[in-house]
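The two complexes that follow have chain A in common; it is paired with chain B in the first and with chain C in the second.
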Partner chain A sequence: MNSAPVPDAAEVGAPAPPPSKKPAPTLDSKGPQRFKALFTWLGFIVVIVVCGIRVDANLVQLFSANSMENMGRILGELSRPDWSYANRIMPAMIETVQIAIAGTIIGSVLAVPVALLCAVNIMPKKIISIPARIVLNLVRTIPDLLFAAVFVAVFGIGAFAGMLALIFFSFGLVAKLTYEAIEAIDPGPLEAMTASGANKIQLIVFGVIPQALPYFFSYVLYTFEVNVRAASVLGFVGAGGIGLHLDQQLNSLRYDRASTIILLTLVIVLVIDYASTYLRRKLL
Partner chain B sequence: MIEFKNVVKQYPNGTIGLNNINLTIGEGEFVVIVGLSGAGKSTLLRSINRLHDISSGEILVDGKSITRAGGKQLRRIRRDIGMIFQSFNLVKRATVLRNVLTGRVGYHSTFSTMFGYFPKEDHDIALDALNRVNIREKAYSRADQLSGGQQQRVSIARALAQKPKVILADEPVASLDPLTTRQVMDDLQRINRELKITTIVNLHFIDLAREYATRIIGLRAGEVVFDGPVSEATDAKFAEIYGRPIHEDELLAAEAAKGGVLA
Partner chain C sequence: MNQSVPSHSRLPLIRNWIVGILLILIFIWSLSAMKFDGIQEYGAQVVSSIWEGFTHPDWDYVYLPDGEDLLRGLLETLIISILGTFISAFLCIPFAFWASANMSRIQAVSISGKFVLTVIRVFPEIIMAILFIVAVGPGAFAGVLALGIHSIGMLAKLYSETIEAVDNGPREALISSGASKLQVLRFAVLPQVIPQFISYALYRFEINIRSATVLGLVGAGGIGVPLLFALSSRNWSRVGIILLGIVILVTIIDLISGWLRRRII
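Moving on, here comes the complex of A and B:
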């Protein structure tokens, strides 16, 4: 589509950043191409084999009668969900979505000033933008479940810890995507604002925000989608939501009830994904 | 009105952008700056409102030194100088009215503009400015729904909303077709005459310069090589400014004829 920066693992499926003006990379050497392909494949196979040995991958165990039987039994139980259980987990399901909403909104609001500090076209002083980016990268290195575990240890078991975890997670994601969007805006209006005697804040209010706002909202919606999925497993570390129930049912081998939870989560995630994708398309 | 005193612009790589410019531009003049691309037209224009900093010398706007001003004082001087760009520089997603209103921000405190609110007087000024360039009826359209010529008129209205004493136009018609070029130049001329706003325009069309200017300044390699009324700006003079005979594509009439053949 366009030669936007390649998203890292956390953002696969992230909304496309605004078009940038960088030219697409071209292949300029033809000669060593064949060897390159060969070595790429060799390297690829070596990596798979080495990793397979390290994780004790065992094809015999994978297809052994015992594993096959276990798999069949669990799948069988999962395929008969206990629908009567659905009513009892509704409050937890709603709590999951609430954790995601609160975490997304608070985290995204906090992300705005930081995104402005990171964008070099708004903040040309490297002494501010580089430390801001380092902080952002540090926040983004920590997975949401680790945040949740830490906050559970500090604030105790419950949804509050989960919300805090998602605030940090959303903050990192939204701030990064937004500052990249800000850096890709049309500089013309900013120049015009400067020429008309606007100060920095007026430049941001009238030049940057109108251009970056649709992208920002799109990223917030995307982050919300990710957060609903994240919130449904936060309970595994005690940070509230549906995950706690899923953990309990799995531990007590009630796969019928686990199946109900999984299906319900699936429905909610699908509905939210669909609605959010629709809204994002309308925005851009 | 605008005074250049020994203005020199040297780029970090050593290239001379402007070489010892001394000029005085009086109130109400319609000055057209001509020269080859790279001659320093844009640098000269942008040094007036300090979108570009100069290396040495001084520029006075209405008696105040913009080269020494800083912070609030600089923004105050810029408020009195409207600017029009080749690529219009409008916020494309915003409405026309919203774009014109941004010309008013210099008159308000940071706090009162922070939430994007403008008083009724500003709306009247903005609509009046749109009226002057004959696109009042487009006030509530999104800027990117307008044609190039209309967008350039919106940007003229935005400059007018500043209630400027000076209008700078950097190649205002370079991305327009011959017909809309005339409309935009007519607008600029009318505003110059009716509101007595000093107007300085960079152009690369020689016939257009002769038609609209009251004074032509020729630049070559960062130096003023011609400065005089239109009557003195003969073809021979232009050949001198350009350092070579005039080309066909430097005449709007030739461009228009070419367009006519194609159409």
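Moving on, here comes the complex of A and C:
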């Protein structure tokens, strides 16, 4: 198939190929395309192998008797949770949920004005909407644990630093999702109101909020789910919640107690996930 | 009739008020647990030194000829997320077929698969990293394994949703012309799902690069390790340059990955 000297012709006559000649390019491009795919795969494999060498990925070591024995021992201890310990960690568990609630609510409320500034159909002035979006994107590049680590260094160990970290994290997530929802609302009511002389505030209160509110609540619930999971590990950097206890138990090699904490966290996360998914389905 | 209409329309209003008041009460209860007492001791001095550090990042740290510097830390972070994504993108395929409802006749199979994926998904990667550190020792490899296993939960869920949405026409055509199960998979299902799979893997890669920056906080390699040192020694100019490096790296990866995803689909 490649023996036909089509490639040259295709190259020269590329700008305006008549529709009748359509099969020709697909035929001649098949060879190069296959090469391209092959090279892409080869390059990909080289990247993976080089990466593997850089991090000393040692599969022999991973599956060696020693590490398998270590993992097996830990899994064995994890499978026998110490249920008597559950009562003692309940306060920390509640604190975890409190951090998530406070962080989600404050962050979401702060996100509303910024989401309005970012949405092009509310804020047509690019000089405001584009910087607002850039700031949002920058906030979203920093993971919640990094925020927590920084805030612990500033405000000291405790739930307050964790709450601040989740405020920033929720703010970025809710603001982004909400401004995208605002941009997708039906422009009809907005145009009707503008035509009848409504000002910006009236436009937002009567045109945007009724349409965007269910989406906003749904995103807040989703963020809450993410935040509960995040709050359960904030303690690893000292930002309050159950993570602190988990860190201590893991460090003192009490895997039975660690297992209790992990299982309890899983149960709470799953319950909140299911409740929130149910509510979100009812909202939308 | 006339009387029931107003009471009907007032009901949701009352319900909204109750929900609102409940939310405010829960919020106040949550806030009551936050004790704000940290900053008074050092006061303005700490804030000013932080501001000083963040506005004057430690540029010398970007490249040091010998050993640990910013570029090497970021490179290691990037490598951890590439390998972690790569591992999970392949490991999750069997899980995805297990969990998708249209691939098995018995419903319990897909339900059990979905449950397993939920459990993997809610198991924090930081804890997984700690477990792998015990197994293979601290370092980047533990981080790779943690990301690789943790990502299965989300990727397999997205993959299985893709599989559930495939067009059944080609499958039925192949089955009716006598193709084996493997042939159906190879020629009817895979061509439909591969672009979406790659797109989701790239999306997960964007998430993993963020996760990889924090794995170091528990000792699983990457830029988090020097960041933790800088934070605990209150070297704010170094914290500033590391955060700046993370923001730049994540932004670049987001741009590249977004561009690739738009090209694939």
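Keep this in mind: the second predicted complex is superposed on the first by the 241 of 284 C-alpha atoms of A that agree within 3 Å, B and C clash if a C-alpha of one lies under 4 Å from a C-alpha of the other, contacts with A are read in each partner's own complex, and residues count from 1 in each chain.
The criterion applied here is as follows: a contact is a pair of C-beta atoms (placed from the backbone, for glycine too) under 8 Å apart; a residue touches a chain by one contact, two chains touch by 3 or more.
Note that the structure is a prediction, hence the values are computed from the model and not measured.
With the two structures aligned on chain A, chain B fits next to chain C without clashing. Counting residues of chain A touched by each partner, chain B versus chain C, the larger count belongs to C. Look at A:40: by the touch rule set out above, it reaches neither chain B nor chain C. After overlaying the two complexes on the shared chain, residue contacts for A:211 are found with chain B alone; chain C is out of touch.
When the two structures are aligned on the shared chain, A:252 is found in touch with neither chain B nor chain C. In the superposed pair of complexes, A:202 makes contact with chain B only, with no contact to chain C.
When both complexes are overlaid on chain A, the residue A:191 reaches chain B alone and has no touch with chain C. Looking at the shared chain after the overlay, A:79 reaches neither chain B nor chain C. Superposed on chain A, the gap between chain B and chain C at their nearest CA atoms measures out to 7 angstrom in whole units. Note for the complex: chain A touches chain C at residues 47-48, 51-52, 54-58, 61-62, 67, 70-71, 74, 94-95, 97-99, 101-102, 105, 137-138, 141-143, 145-146, 149-150, 152-161, 163, 229, 232-233, 236-237, 246, 250, 262, 266, 269-270, 273.
On the side of chain B, the complex with chain A involves touching residues 49, 51, 75-83, 85, 87-94, 98, 102-103, 105-106, 110, 113-114, 116, 155, 158-159, 162, 168.
Within the complex formed with chain B, the residues of chain A that make contact are 186, 188-189, 191-199, 201-202, 205-207, 210-211, 214. Chain C makes touch with chain A in their complex at residues 23, 26-27, 29-31, 33-39, 46-47, 50, 75-76, 79-80, 82-83, 86, 118-119, 122-124, 126-127, 130-131, 134-136, 139-141, 143-145, 210-211, 213-214, 217-218, 221, 224, 227-228, 231-232, 234, 239, 243, 246-247, 250-251, 254.
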